[in-house]
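Letters are used for the chains, namely A, B, C and D, taken in the order the chains are written, and counting of residues starts over at 1 for each.
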Amino acid sequence: MEDPVKHQKRLENMLRIRRFEEQVVRLSKAGGFPGHYHVYIGQEATAVTVCEQLEPHDMIFTTWRNHGHLLARGASPGRMLAEILGRATGLCRGKSGTLHLADKEIGMPATSAMVGGALPIATGAALGLKHRRSPGIVVAFFGDAALDEGAFYEAVNLAGLWKVPILYVCENNSIPPQKRRRGQFPSSSLNAAQLIDVPRALQIPSEVVDGADVDALCGCFRKLIAEVRTSASARFVEVRCTRWPGNVPLWPELPGGEWNLEWAFGAKPEPQDLAAWAEKSDPLLNYLRGLLEAGTLDRDIAFAVDARVRNEIADAVHFAESSPWPDPAEATRGTFAAERRT
Amino acid sequence: MKLNYSQAMALAVRESLQQDPNVFLIGSIFAGLSAAGRAAFTPLVQDFSSRVVPAPVSELGLCGTAIGAALSGCRPLLDIGTASFAFQAWAQLANEAPNIHYMSGGRTPVPATFYLMTGIRGAGAAQHSHRIQAMLGNVPGLQLVLPATPGDAYAMLKWALLESSSPTAYISHCQLLEDEHEVDLAAPALPIGKARISREGRDLTIVAHSVMVPRALAAADRLAAEHGIEAEVIDMRSLCPLDRETMVRSVAKTGRALIPDECHLSFGAGAELAATLARDAFSYLKAPVHRVATPDVPIPFSPVLESALIVTPEKIASEALAMLNFQKS
Amino acid sequence: MKLNYSQAMALAVRESLQQDPNVFLIGSIFAGLSAAGRAAFTPLVQDFSSRVVPAPVSELGLCGTAIGAALSGCRPLLDIGTASFAFQAWAQLANEAPNIHYMSGGRTPVPATFYLMTGIRGAGAAQHSHRIQAMLGNVPGLQLVLPATPGDAYAMLKWALLESSSPTAYISHCQLLEDEHEVDLAAPALPIGKARISREGRDLTIVAHSVMVPRALAAADRLAAEHGIEAEVIDMRSLCPLDRETMVRSVAKTGRALIPDECHLSFGAGAELAATLARDAFSYLKAPVHRVATPDVPIPFSPVLESALIVTPEKIASEALAMLNFQKS
Amino acid sequence: MEDPVKHQKRLENMLRIRRFEEQVVRLSKAGGFPGHYHVYIGQEATAVTVCEQLEPHDMIFTTWRNHGHLLARGASPGRMLAEILGRATGLCRGKSGTLHLADKEIGMPATSAMVGGALPIATGAALGLKHRRSPGIVVAFFGDAALDEGAFYEAVNLAGLWKVPILYVCENNSIPPQKRRRGQFPSSSLNAAQLIDVPRALQIPSEVVDGADVDALCGCFRKLIAEVRTSASARFVEVRCTRWPGNVPLWPELPGGEWNLEWAFGAKPEPQDLAAWAEKSDPLLNYLRGLLEAGTLDRDIAFAVDARVRNEIADAVHFAESSPWPDPAEATRGTFAAERRT
C-alpha cells in the first residue's frame, strides 16, 4: 500500500488517539475528573488497523481501556471527553465515564469494565448478527488478563461451537512477569506457554502479531477479518505490545511530557525507559520512521498532521470543559428502555 | 381453553417465534425434570429447531451471549434452567445486562429474557433449590416477573419476548409447572407491574408471589371454611416493577398483612414487602406485619427435613390466626 | 493506639499469620486504590511473602480454592477485591461455601474468609460500586461482618481468621479505609453478632451498618446541635448473625426508627431491618419505620449524578426530622 | 500383577459398586426416595483403580455421580444408602441425599452437585495440603460436561500456576454426539478436538485411558498418581467410558434387569444395546473374562465373591430401610460450625 493519502490518514488516526490520551492524563492530574482510568498510548496501531477493515454494520466491543477503539471507529473526541469529564453532552450523558464509554451509532453499544465481561456479550452479538443474516461481523478487544477468566474460555468455546463471525483481539500489553511488582494488577498469569494455545485448543485459528509494527498489523487484520467475513467463523489474535512506561504505574503518568514528533527525527526522549520504548516499541514512531525513510512522508506533512490533530483535540477539550453538568435529576432516569409497540 | 402452566409457557414461546423472526432460543429444556414441561416443550423445539441454539453447560457464557444477541437486534430467550445455576451467570445477570441501557445514556436497549426455574422442588437439596428473587430484586435494571398462574405464565412471557425492551428474569416455579387453569387468551392482560387481587377479603391481606399464591389461596379457603375469616390474597406477579400501591390499598381496608415467602426469611423478598407496608400502611395497621418464610438454613435432602421447612397453606393459615389474635400491649 | 482502618486490618492479618501457621493469603491487594490501604498492606505482604499465594484474575476459581484450602485444614484469607467482583465468584460464594457444613451433617467446617471492598467509591460507575450485603444476607451459612470502625476492622478480622469455623464474608467499605480512631487492642472485643450502641439518644433510633455508621453519627450530631434532637445510633456490625434484639430494645425506648442503607432501596439490607422492627417493635412505634437508601438505579459516573444518589448525613438528618413531625392520620 | 487375592479384592470392590447401584435404582423405582439421582454402573473400574493408589491422608472430590467413589474409598454402604433414603443414620444425617454424599473421615469432606463446582475446591484442597506440607494429594473426579464450565478452566490454570498435587480425572461417559437427543442433558459440547487439548494448552500433562480396560487403568493411575506425588504437580486424565444403556434415559433404568454373572460365561443379555455394551464396554465383564482366561479366577470363586457382595448390600439395604427418619428439628441445626477456642 503506497498511497500517501492513506498513510497520512492512518497516521492522523493514530495521532488523534495519542493526543487525546495525553489530554486525558493531563485533565485527570488537574482534577478535571475523578476516579481511575486507563489510556491507550502505545497500542494505537491496533485499533486503527482493525477499524480500517470494518464496515458500518460491524460491531465492536472493548474494555476499560476503550478510548482508542472509539476514536478509531469514529466517535466524536469532544463528546468522548465530555463523557470522561461527566458532562451532560457526553456520549452517555455522563453516566458511563471513562470505564464504560460506548456509542451505539458506531456499532459499540455497550462497554464492560469487568475483566472478560464483554467476551460472552461480543460472542452473542456475533450470534445475533448470524441469526439476522446480517453481513456484519464482531471485533472484541480485550487485555491479556481476560484469559485468566472462565468467561473468556466459555465465550471462545461457544463461538467455535456455533460458528459465529467474530475476531478476538487480545492486546497483550503486560509487563514481563519478571518486572511485575506486587500491588500492580496481575496479568498474564496464564499457565499456557503462549496465550494462543488456549483458543487453539478450542480449534479457533489463532495468530500472534507485533503491535509495534503497523505493516504487520495491517496485513494480519486484512487477512483475518476477510477470513471471519467469508467463513463466518471465529479467529483469535494476540497483539504483543510493549507496555508504554506511562502505563506501568497504577495511575497513568506522562513520563517525558507530551509525545514529541521530534523523536521521529533523531531527538531522544527522557527518561531512559521511555527512550528505550520510543526506540523500538512505539508503533507511532516506528511507523513514522518507516514512512520517512520510504519517502512517503516528509517532515512538513508530519508536523502539519500533528498540528491538525492537536487543534482538533484542543477543540474537544474546550467543548468538554465548557459543557454543562448534567441535571442531577438525570441520575434517576433511563434505567429501563421504553417498551416496544407491537 | 384449559392449559397447564408448561403449556401456557410453550404456547407463548411458539406464538412469539411465529410473530417475530428476531426471537430465538438458547437452550431448550425449560421445564427441567417435569413430565408436563417436557410434553409441552418437546414439540415446540422440534417445530422450531432452526430457531434453537444448542447450549453447553456454560451458564455464564450463555447469559452473556443472550445479552449480546439482544444488542445486535435479536430478542433471545435463554434457558438458564434451575435458578441455582444463575449463580454461575451472576456476573452477566447482575452486572452486565441491567446496566447497559443506563450506562449508554439511554441509547442501548437489551431485550433479552432469562428463563429460570426457581424453588424448593422436592429433593433438590441445598444446591438445587434456590429462590433468587430477593437477590435479583436488589439489581436495578432487571425486570423480575414471577407468574403464578398459566394465564400469567402465557401473557408475561409474550410480553417479555415481544414487547419489553429491557432485560427480564422470567421466573417460573418447579411446583407450578403442572397447574392447570382455564385461560382466556383473548382477554386483555393485566399490565406488567400491576398486582392482582386473586381473592377479595376484609379481615387480612396475604401478599403473595409465585408458588405462594396458590398456597395462600388454599390457606384463605381454609380460614374461611374453618374460621369464617375472609383473607384478601394479592398476587404480586412482578417484583420489578413492584406494585406497592395495590398492597397498601388492600391493607388500608383490612388493617392486617401477612407475607408468605419461599425465600429464606432474612433479607428475603418478603422483607421488602413488609418494609413497604410498615411505612406506607403504618396508619392502617392493627397488628404487625408478619412473614412466614423458609428458615435461614440450606435446604436439606431428606423429605422429613425438607418438609419441616416448607411454607405450607397450614403454616400460612395458622400465622394468620395468630395475627388476628394480636392485642396491642 | 491510633490506627486507621487499613492499618487495623493489616495488623489483624499480621497477628493472625504470626499466631497460626495455617493462615495464609490468596491475593494481596486488599485495599484497592486507597493510598492508606497500600501503605498498610505493602510491608505486611513483603514480610510474609511466603504466606501469600499470587492471584490471577480468576475470582470464581480463587473463591473455590479458598474453600478447598479450608477443607484441607488451612484458614485462608482470599482477597476478592472490589465487592462487584464477587459476582464472578457467586457460584462458589453463594452455593458452595455456605452449604458444606450443613450438607455434611455438621462434620465439615469451612474456615475461609473472603475479603470484599464494598460501596459507592466515587467514580466507580455502575460496575464497580456494588453493595452486596443484602444478596449475601439471603444466603444461609455465610457469616457477614461489616466493620465500621478501625477497632471492629481489627477484631472482626482476627475473629474470622483465628476463631470462626464457618465461611465469612468480611466486608470493608472504600470510604472507610482512611478513617483513623483510637483503638485499644487489649480491650475485650464486643462479641460477633452483637450490635453496638454507638451513640445514645432518646428521640429516635438510627439503625446503621458499614459506612452508614459514621454518616449516621454525623447526622446525629447535626440533629443535636441544630434541633436539640437526640438520636440513638446503632452499628449493626454484622448482618449475619443479626442482632435483632438490640434494635428492638432501642426502638422500645425511642419509639422511632430510621434506617440509612447504602444498598439500593428495593430488596436492600435495610428492608430486613425495617421488616424486623415493623414486627417486633410494632407496639412501640410512634411513627413508621423509614429507610433512606440509594435509589433503584445503577450508579452513574458523573460526580454530579453520583452525588445525587448518595445517602449523606444531610439526607439522614432531614429524614429524621420528617419522621419526628409524623402525625398519625 | 498376578496376585489372585488382589484381583479378587478388586473384583469385589467393583462388584460392590455395581450391586449397590442396582439397589439404588430399585429403591428409587419403588418410591424409596424422591428426586433425581445418578448411578456409576459402567464406570466402576475407574474409582476402584484410582483408590487402590491412595493413602489415608489423600483427599477426593466428586459430583452428583459419587456413589462409586465413596464405595471405592471405603465408605459404609449402609450409611450411604441410609443417606440416599434420607434417614437419620445417613452419612450426612439425611441432609445431603444422593447428590452431595460426603464422608470427611475418608477424605471426602464435601461434594458439589454443580457442574464444575468441585474443581476449584479440589484445587484449593491441594493448595492447602501443600501449604501444610502434608504428604497428601487430591483426586478430583468429574464428568465431561465440566469442561464446558469456566470453573474447570480457572481451576486447572491455578493448579498449573501454583504447582499443586492434584489428579484431575474426567470420566467421559457421553453419549456420542450423533446419538444425543434433544432434552437429554448436553455434554461433551466442547469445541476441542479432544478434551485433553484444553489441560495440555495449560501445560498440565494429560492422558487418555480406556475406562473399560482395568489393566490399562491400573497402569495409568499407578503412574500418574506417583507423578503427582513426587512432582507435587497436576496431572489430567480423560477416562473414556461407553455410557451404560441404563444411564441413557433421563432417569436410570435397569435394562435387562440386574447384572448377571453368567454374562461372563457366555450368556447374552437383552436388549440389544445392553448386549453390545456387555460384549465390549463393561469394565467388569472385561475384567472377569480376562481373569478367567488367565486362570487367575474360576467360576466358583467369582460366584462366591458376588454372593458375598450381594449379602453385604442386602444388609446395607436392610440397615437403611430400617433406619429411623431424622427428627424434623434437625432441619434447622448445623448451618454453622462451632467456633474454635484459641
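Basically, contacts are C-beta pairs under 8 Å (C-beta built on N, C-alpha and C of every residue); 3 or more make two chains touch, one makes a residue touch a chain.
Model, not experiment: these values are computed from the prediction.
The greatest centre-to-centre gap from subunit D, using C-alpha centroids, is found for A. Of the two chain pairs shown, C-D and A-C, the one joined by more C-beta contacts is C-D.
Per-chain Cα centroids separate subunit C from subunit D by 42 Å. The distance from the centre of subunit B to the centre of subunit C, with each centre set as the mean of the Cα atoms, comes to 30 Å. Measuring from the averaged C-alpha position of subunit A to that of subunit C gives a distance of 37 Å.
Centroids of subunit A and subunit D (each the mean of its C-alpha atoms) stand 48 Å apart.
Contact of a single residue of subunit B with at least two other chains is seen at positions 54, 56, 58, 60-61, 84, 88, 91, 95, 99, 102-103, 125-127, 140-141, 295-298, 300. Among the residues of subunit D, those in touch with two or more other chains are 90, 94-96, 100, 112, 114, 117, 148-151, 154, 157, 161, 189-190, 333-335. By the touch criterion stated above, subunit C contacts subunit A in their complex at residues 28-29, 33, 38, 41-42, 45-46, 54-58, 60-61, 84-85, 88, 122-128, 295-298, 300-309. Residues of subunit A touching subunit B in their complex: 59, 90-96, 100, 102, 104, 109-112, 114, 117, 119-129, 131-132, 134, 136, 138, 150-151, 154-155, 157-158, 161-162, 333-342.
Note for the complex: subunit B touches subunit C at residues 84, 87-88, 90-91, 94-95, 98-99, 102-103, 125-127, 130, 134-135, 137-141, 239-240, 242, 263-264, 266-272, 274-275, 277-280, 282-283, 285, 287-291, 295-298, 300, 328-329.
Looking at the complex, you find that subunit D touches subunit A at residues 148-154, 157, 160-161, 189-193, 197-198, 200-204.
Residues 19, 22, 24, 53-54, 56, 58, 60-74, 76, 91-92, 95-96, 99-111, 140-141, 143, 162-166 of subunit B are the ones touching subunit A in the complex.
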